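I have a structure I would like to understand better, so I am pasting it below and will then ask my questions one at a time.
Each chain carries a letter (A, B, C and D) given by its place in the written order, and its residues are counted from 1.
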Amino acid sequence: MATDRQGFEIRVAAAAENVPLVRHALRAYLETVPMPEDRVAEVVLAVTEACANVVVHAYPDADGDLQVAADLDGDVVEVRVRDNGRGITPRVDSPGLGVGLPVMAAIADSIELGKANGSGTEVRMTFAVRDTASHPGSDSATLST
Amino acid sequence: MATDRQGFEIRVAAAAENVPLVRHALRAYLETVPMPEDRVAEVVLAVTEACANVVVHAYPDADGDLQVAADLDGDVVEVRVRDNGRGITPRVDSPGLGVGLPVMAAIADSIELGKANGSGTEVRMTFAVRDTASHPGSDSATLST
Amino acid sequence: MTDVNGVDRTTAGIDVVELVGENDLSTSAQVERQIGEAISAGRGVVVDMTEATFIDSAVLRVLLSGQDRAATVGVGFAIALGTTTGHAVRRLLELTGLSERLVIATGRTEAVAKAAEANPASR
Amino acid sequence: MTDVNGVDRTTAGIDVVELVGENDLSTSAQVERQIGEAISAGRGVVVDMTEATFIDSAVLRVLLSGQDRAATVGVGFAIALGTTTGHAVRRLLELTGLSERLVIATGRTEAVAKAAEANPASR
């Protein structure tokens, strides 16, 4: 059984080609906590969307870091995605599909967006380790084809 | 000087024509807390965007309520916008401009999106009463770097 | 609450759609219609927000799509701001970067002149 | 890590763009190019995601714009899912309502048949 407050931390340059690395490292971490496999896939999707936003939006004219940290606290995994960029800035001309934040909000049990120390953005998401009633439908991804 | 934990609460049908009512009631409440006038205008904008999302997205096929509550806790106003709708659901065909959530995140010191009890969405935003902490350093995010 | 918005027709082939007081998703359809009617009739548009105290992103969407439609049709389009324009209006334009994307003038007269420049009816 | 995606040309005038393993914003431009080349050449497209374990919204955007472009040009477009398609792929399609907006088939053969129905080259 996993001990509380096991931690995970990674810091890479905010570049698209690093997002798979972050994802794989996070997935490896999540495999050490008692979370159903399908739920791990969803958490990894939500965190990928947050990382993609750092790559696409945080540093319009410069290089910068992408940091991801995760902790298991009791039955809840908290993941924090952080940058030192320009802070959340609405864009009417975003190159994205515009579903990143709502996808994160739909998957996570809660999501908090805050200003990181100094500058930049911190996205904090929580996910119950066991797939309880807090997100109905998340385990019934029945796409009939 | 305002006492802590002064409260504000309003509940209306989730309809576009009620959003101005909520806005005016909230503005009247905010005028009782020591917040600069321009900052009140921004808070009211962020809350309007959250209310608009309830009207546009929360109840696709039904009627429902829009609830807004606010509290002053020390130097921080917390506003909660709540519905009992379908929960945050990403849409690629949203009729909106897609800047609602980022506008809220840019204006608020922090924003949390969570599932309301049972069903629906709760958007919780905090705003420092005095404009000091509204930018850098407002958050004691603890990602050891 | 929200004062009544109106439309003035100028001699320069420009309709002035005036946003008075607060406008949001509850009035944005009306604003969209007023802008659309002017453009459909081949007239340019000024959206006068000198007396606008508040707009939300639903109104912003209407402004953007109005400007895009005017450009497609080939008529002028400009926004008028002024000293009595509300802080929420300026803040929203600024936050979203639209203060750079929209054609914005100080006061109605300057806005009408800017819109008329792009307007075939006035050339 | 991400396996290499490939493109197969079928006899039915359909190119099959195969997404293998994980795809996200780091590979979405490549996928977009592959889809775009097929459509530009007047061929229909099947995006075979039967072996796709993961996609993000950057890939979703490419799928949607591919389908839109195919419809504009008048060639077929379909997605193939299968039992080995990853949970994250199905969940993202479902969450965003795209499982209803995209033409989705079970397996490559059925997807090619669906795309060929809409494809002038195969009629």
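The definition used in the following text is that a residue touches a chain if its C-beta (ideal position, glycine included) is under 8 Å from a C-beta of that chain, and two chains touch if they have at least 3 such contacts.
In this text the structure is predicted, and so the values were computed from the model without any measurement.
Asks: Averaging only over C-alpha atoms, locate the centres of chain C and chain D and give their separation in whole Å.
Replies: Spacing between the chain centres: roughly 41 Å.
Asks: Report the inter-chain centroid distance for chain B and chain C in whole angstrom, where each centroid is the mean of the CA atoms.
Replies: 27
Asks: How big is the gap, in whole Å, between where the Cα atoms of chain A centre and where those of chain B centre?
Replies: 23
Asks: Please set out, as single numbers or ranges, the residues of chain C touching at least two other chains.
Replies: Within chain C, the residues that touch at least two other chains are 60, 64, 95-96.
Asks: Which residues does chain B have that touch at least 2 chains other than itself?
Replies: 89-92, 97, 99, 103, 106 - these are the residues of chain B that touch more than one other chain.
Asks: Linking chains that touch, what shape results: line, ring, star, complete or other?
Replies: Topology of the interface graph: other, matching no listed pattern.
Asks: Can you name every chain pair that touches?
Replies: A-B, A-C, A-D, B-C, B-D
Asks: Show me the residue ranges of chain C that touch chain B in the complex, using the header's touch definition.
Replies: For chain C paired with chain B, touching residues are 1-2, 22, 24-26, 54, 56-58, 60-61, 64, 86-88, 91-92, 95-96.
Asks: Quick check on the complex: what are the chain D residues that touch chain B?
Replies: Listed in rising order, the residues are 60, 64, 95-98, 101.
Asks: In the complex of these two chains, what residues of chain B are touching chain D?
Replies: It comes out as residues 89-93.
Asks: With touch defined as at the start, can you tell me which chain A residues reach chain B in the complex?
Replies: Residues of chain A touching chain B: 9, 11, 67, 69, 80, 82, 87-92, 94, 97-99, 101-103, 105-106, 109-119, 122, 124, 134-135.
Asks: Taking the touch rule as given, give the residues of chain B at its contact with chain C in the complex, in rising order.
Replies: Of all residues in chain B, those touching chain C are 16-17, 19-21, 23-24, 37-38, 41-42, 44-45, 48-49, 52, 55-56, 96-97, 99-100, 103, 106-107.
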